[in-house]
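The chains carry the letters A, B, C, D and E, assigned in the order they are written, with residues numbered from 1 in each.
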Amino acid sequence: MRRIEIILSRLLWLIPTLIGLIVVVFFIANVVPTDPARIIAGENATTEQVEALRTELGFDEPLYVRLGIYVRDLATGNMGRSLYTQRPIADDLAHRLPATLELTFAATLIAIGLGIPLGVVSAIRRNTMTDQVLRVLSVSGLAIASFWLAMELQMLFSTRWGLTPLNGRISGFGPDEITGFFVLDSLLTWDMESLGDALLHLLLPAVTLALPAAATILRFTRAGVLEVITSNFVLYETAMGLPRGLIIWKYVLRNALISTVTQIGLIFGVLFSGAVVVEAVFDWPGLGTYAVQSILQSDNKAILGFTILVGVVFIVVNLIVDILHTFIDPRTLK
Amino acid sequence: MTGLKRLLSDRAAAIGAGLILALILVAILAPVLSPYPGDVAEFHLTERLLPPSAEHLFGTDRMGSDLFSRILFGARITIAIAVIAVGVSVAIGVPIGLIAGYYGGWSGGLLMRASDIFLAVPQIVLAIAIAQTLGPSVENVILALSATYWPFWARLVYAETRAMKGQVFIEAAQALGASDARVMVLHILPNIASAIIVRTSIGMGATILTAAALGFLGLGAPPPTPEWGRTISEAREFLPEAWWYAAAPGFAIFLVVMGFNLLGDGLRDILDPKIRRGTR
Amino acid sequence: MTDALLTISDLSLGFRGEAGFAHILDGVNLTMRPGEIMGLVGESGCGKTTLARAILGVLPRAALELRGGAIGFRGTNMLADDGAQAAIRGRRITFIPQDPFSSLNPVFTIGEQIDDLMKWKSPRRGEGGRWPALLAPYGRSRRAADRAAVIETLEAVQLPQPERLLRKYPHEVSGGQRQRLMIAMALLPEPDLIIADEPTTALDVTIQAQILGLLRRLASERGVAVMLTTHDLGSAWEICDAVTVMYAGQDVEAAPVAEFFTAPAHPYTNKLLASLPDAEGGGAMTGIPGEVPDFLAPPPGCRFAPRCERASAACATRPPQAARGAGHLVRCVHPVAAPVPAEAGA
Amino acid sequence: AERYVHANNSGYDTLDPHVVGDVARVATRLNFYDGLYRWVDNPPKLIPWLATSHTVSDDGLVWTFTLRDDVKFHDGSLMTADDVVWSIERMLALKRGASTLFLPVLNPGAAKALDPTHVEFTLNTPSAIFGSIVSDLYVMNADLVKEHEVDGDWGQAWLTDHVAGSGSYMLKRYDPAVGFIGERFADHFAGWGDSYYDEIEFRTVLETNTRVQGLMRGDYDGLDGYLAPDQIARLREDEDVQIIEAESMRVFHFAMNNRRPPLDDINFRKAMEYAFDYDGFIGSILQNSVARNPTIIPNNMWGAPKDVEGYTFDLEKAKEYLDKVPGPIRTIHIGTLAGFSETEQAASLLQNALAKIGVTAEIESAPWPVVNSRMQDPEQMYDMVPYWKSTYYADPNNWIGELYGARYIPTRNVSGYDNPEVNARIEKALASTDQAERQTLYEEAAKIVYDDAAGIWIYNTKWYGPYSSGVAGIRFSPVGNGQDMRWAHPAE
Amino acid sequence: MTEPILSVRDLHCHFPVRGAFGRQVGAIRALDGISFELMPGEILGLVGESGCGKSTLGKTIMGIQPPTGGGITFEGAEIAGASPRAAKDRRARLQYAYQDPGASLDPRWRIGRSLEEPLIIHTALGAAERREKVRDILAAVGLPLTHLERYPHEISGGQQRRVGLARILMLNPKVVILDEPTSGLDVSVQATVLSLFRDLREAFDLTYMFISHDLSVVRMMCHRVAVMYLGRIVEIGPTQEIFAAPKHPYTQSLLAAIPRIGGARVVDTFWLKGEPPDASRLPTGCRFQGRCPHTTARCLSEDPALRAVGDQRAACHFAGEVSPPGPAPKSSPTPSRRALP
């Protein structure tokens, strides 16, 4: 009951935040020195053509009218057309979203799979060699520019050693589309060849993306475990002679995860944004590549749409994290 | 004084401080240290893409300029971006967070909602949107980073201030009749300063990474600026043969960000009153 | 004493930190018999908790430095680490913590925490079955028997609706109920000794009276020995059979409860009793001038000497325990002369 | 079945041939659709395609094309003159892509189907180049498209992802984020030889380095041909890769804003001409992979003046000219194209040389659309912009006319250069049908522009088509960039 | 009869309990109709279980916590509802000593600076005068001058309490509200701190409101005692009377719970069951009903008001008629302590 209330109130907060976001991003995107009408009209358009198009597309209207129109259209899922691809931006984004989500999920899984256990180990082996090494690694993980790491990994693993594919989500076109997630689709259609291929393509980008996130999770888990481990209930559980493994991996970890879970929401955002550059390096046909392309083409509406979509995904993920929180930490329901 | 000694006794923090000191020195002394200071703008077309050697420690770039010299000069840009962007963010975010956190209520809520909006999108995405709109230049990168980074500070300071407000000594000061300004500036601010300092250090690192990413995407400084992110993107075309071209700026970024992170971690250990009290 | 349950002899330990070695326990001797309720009293920071934790084996290992002595529980050396201790901890010796608010894990239901305890520490747990520890099965029949015991014990500590309680989270029950729960959990493994570290300090007087009464009744019914650490002499008076006083990491006096309050021999004990608020109102409490010594550089010998009016040069070496009566031991070169007649009103 | 895989540098966001006109995405137009004529080979020549021939009225206004009667669309229906008329109407209505070539000379409704195999276009002004641009009139299956029309959108929504053409390949798969696969259309009117590719796959691979590495790894069979010389050099070392060289018609030059001081002063412009290190740029940076092109018209295009040597890098001379420019000289702004490193390198080189003669220059990098829209606005135009002029049709007007004729100010003549001498010649050449006369007119015009130092002309791009050695039959033409895949086939 | 220096009338302080969407779903009635008077020079004890509203009462009087209803008169003037700053000067004469004095000092300020702060805020004294005054007061509370240079965490709990007092005394207050001034202190330290309170009262002519949950301390220190239960005063009267003959069942149970060293073990016979209910969910009628052994139907419906019973006043329908079950508290409950040498 209380959980539903929490979710509802979070959902309610979402609306003003989203509207605010749209307004802010809209204004940012419209301080442009460029003339979108001219870009749409194409390289060889005459001045009259451009003028006509400008009126037709409503670029003559004052900014707030255009904002109103934009928000109205947005409510119906219409983000306008991309200057560059000429397609509805909403379609473009929807089409590319699964690719980015697949990459981000894979990276999140890797980050969690690496970060949490290593964080726990680092904490319980505090100040040992293991801990020192892990700490150095995690600080390094956070200091590496992901695009650079991506380039270097690609250069070594793909170009030099030929172990992994260079770019893309799969060799050529993917398996028959059901969900848009290649790994899922190839499982659903039991296309093992595509599955292997897709996973191999996923490997480098996901790892690149995951490393800083894993480092963050490691640090938070370590700090969380260290904090929890000094708490009274751990002392009590230890004094009552419960096995160390049970205490650490069940009782301590669950408590330490409370703060880590909040981090995962933020990390998702980090990964999503990291995807912009990492996708660009690996030619991953997702939102990041789309965003970079839109940047190169000065396609403001597309960037606007991308930014809003990222905002929505980010907000939704944080909502999920909040809900998850109520399961991990029953005190939030109080 | 004792603070400095403590800082230096923490190995990680000492390394971090060392790296940053080196960065600052390099930035200041770039004209002296670099073997070819002219190569920031000067080309030697016949010496393009030479591998590292005694003459060119880090090799040469696509225009035949000495990479080592350019990396040294790049440090200046990096410092300028990080210091100004973080400085502006702090200058905006800290007062907002402090006031919103102290007074709370309606206006505080509004301020926080405003920062929520900015935080609803990963910083780099907003920064990209802004930088792309304004056009590529170092000034615009700084502007984009500041405009998108202040909410972090507002958030941090807000949370810290709220926590502080619950502290008995703040209530005691108020009960004593201290004015709001007095309580905020003399009591709250010094007590949350350590959190701000720690985050500033780590924030510098994060800002450098973001700025480099913008440079990499072509949203940063125009050529022939020796900005590190841009140098990496220039280098891409010449990989894997000219490996040094990307390796040098990549490592430079890594070391500097590492420096700030290590320093931040060390400062956290030193400044965190919880830990300090624990040692008593 | 062959019938001793717990024997602590010349225990000396401390913690090594940045500032140096803090010598917390200095030659502590203490004996407990089965079924005895022993009060370990002393002012804040005198090492009560440290001693309790030493017995439980939960002192922070990294900083700990053992200087000597032994803790024997029924012939097992609790300071060694040869596996026998693990079997005793939580089974033969259980623990009631000071703060019931933070000693239960906040994110698991009470039932789940008790289940884990019973899985590992129930008296019905067989020794055999060489399963890797964490994978050991929890048989259905034992589970049912354990569950019955849990319900029975929860009722014994007067917790209403035990079935429902098990489904709750710790934050959903009040402080008094939580402390009852801790008592139940301490009793469930059917131990020989319960270490209760200030179990009522965090509670109100009315609740304290309830909890102490409960603890005393159940302990004597079940024949469990209890070591109760407290700085509240009133609590000690209420439920203890015997009292040991500590000062700055040294045991100074041990006596049966009546004798302790009527015929204290150590100057410190006397001063302590004199510091109690006069129940009649009025009158001046003397307090004890001076401060507790620094553990980093404690005075040699008797640590109370610097604050003691009776101190002399002889106090620079620690006096041995001297018997003052049946079960009444004192460590002082200049004990307070004669036992004061009991009930000698003011 | 043999499949050819091509990695392309830009995305295939739409398959509609009427809304995009850029060279990078020419593959969908050439392979899925057919025009009335088709450009092939190098130097480019027009060959009959959907049309077998045409006639022009004496006044140069009425153009009548005779169509083939055996052209089948992919769905098997026959192409008729009505399809052609509908297609040109569609282009004129959408005002996108190649329509900008037609709009100035053709009004809506000015095309008529005389009978199923004859189409007549009535121009509103004579145009010597009309014959060259009908290759860009891609004919659609009008009936099919009309079925999918929504709200009078001329089938735009549907045609983004679908093909309604008669081209050599039929659409098999398409994903705007990935690319497309075409399947050989066996019934194509032009027939097929003995050897061909059954499938062609065009994939978008934005990063140059990835394309090059992919070709070397064997992921791809061919790439777009405008690679940096360093990449070409690397590819040459790979035994499994062949580089097909061809002189292109893509002139790299600096557009200069002739309207604004100090660039309105011929002495200053001359100083600029002498301040660019042509040899350093072509010789070192581009490693002599291209040839110097002294004027705006590509050397290999007719109409290019023969006796022009080209300006040389001579700072002494530059200084001399500069001294004749009165007053202090302000900072010069050079706009470069983000993502096109050659423009950055060229601008840096000029900046560097200018610094030596006391002129400060600043470089502003921006994406092409931004640069382009600024260039077209006289107020916002940079002082100089280095970029390429590509071949939209193989006629000198594509270069000299569009870049320096007053009629194209400000859209394509971004320098604002307006010289009556030049204008007269360009206008005359546009109206004339006499090839020899036109050639002379263009040669003269180009020479005048050269003497006026209206821009800095640097080189004519060379096309280096990188293909795997298993590919044969690539037929390069500057207009189609060798991506007309029907001629290609696996090597023996 | 002298005028009361401080009087509180029907004081209420409710804390809203908010559910989702910030809507109020209930209230914690921390103060629910408190009235009493404080005479110049007296020490009024305030006892009660944890969470019954003792600190809230103190803070509401101080203006730290705005009241939701009722009035407070200090030195003849109404001060309820005024912000601390508005009544700045008057408040200077009314001071509150925090429950945890360590926490009431800024951890980053040296003791000396903290002590000077009240003077900077309220007076126009020069730096030298301020320092002199600080030294005087510091001596009065029995701390060495060297402590001025220390940080709060560098001194002991008892010393922190002295610093807390010194800080309050800087402004020459009339009334000091001492919130649990000895909780957490060892008996040996407690003794010295209590005698300090007494000495200071003499030296500075102070009036104390002494909040505590330690009945024996209250008994020793106070002239009058008020017993609070869940936001109400359930019994108030002279210390002697309250301890000798408590009229309210709750007071009776409180007294019954105190260990009596040398006497019978109270834990074996202690009769009060249960714990106080959640302050946000008070029952109708008497708020002690759930735990009171004498509950009748009237108690369930009717909220008893404070009324005079003998020398004291109690809020119980049966005040004076009921006595605790089991062994009744002896009129002189504690066998006296033995004389100490």
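The rule is simple: a residue touches a chain if its C-beta (ideal position, glycine included) is under 8 Å from a C-beta of that chain, and two chains touch if they have at least 3 such contacts.
In UniProt terms the chains read A, B = ABC transporter permease; C = ABC transporter ATP-binding protein; E = ATP-binding cassette domain-containing protein.
Being a predicted model, the structure only gives us computed values, none of them experimental.
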To get from subunit B to subunit D along touching chains, fewest steps? 1
For the interfaces B-E and C-E, which has the higher count of C-beta pairs in contact? C-E
Using mean CA coordinates as chain centres, what's the gap between subunit C and subunit D in Å? 91
How many angstrom lie between the CA centroids of subunit B and subunit C, rounded to a whole number? 53
Where the centres are mean C-alpha positions, what is the separation of subunit D from subunit E, in Å? 90
Subunit A to subunit B: how many Å between their CA centres? 22
Multi-chain contact sites of subunit D, meaning residues that touch two or more partners: 207, 338-339, 366-367, 370
Can you list the subunit B residues touching subunit D in their complex? 41-43, 45-46, 48-49, 62-64, 135-137, 218, 222-224, 234, 236-239, 241
Enumerate the contact residues on subunit E facing subunit B in the complex. 62-64, 84-85, 88, 91-92, 96, 98-100, 103-108, 117-118, 121-122, 153-154, 167
Could you list, by residue number, the parts of subunit A that touch subunit D in their complex? 33-35, 38-39, 41-47, 49, 53, 82-87, 92, 95-96, 99, 158-159, 162, 165-168, 171-174, 280-281, 283, 285-286, 289-290, 292-293, 295-299
Flag every residue of subunit A that touches subunit B in the complex, lowest number first. 16-18, 20-21, 24-25, 28-29, 31-33, 135, 139-140, 142-148, 151-152, 155, 159-160, 269-270, 272-274, 276-277, 280, 291-292, 295-296, 298, 300, 303-304, 306-307, 310-311, 314-315
Provide the residue numbers of subunit C that touch subunit A in the complex, in ascending order. 53, 56-58, 62, 86-91, 94-95, 97, 99, 102-108, 116-117, 120-121, 133-134, 169, 171-172, 185, 195
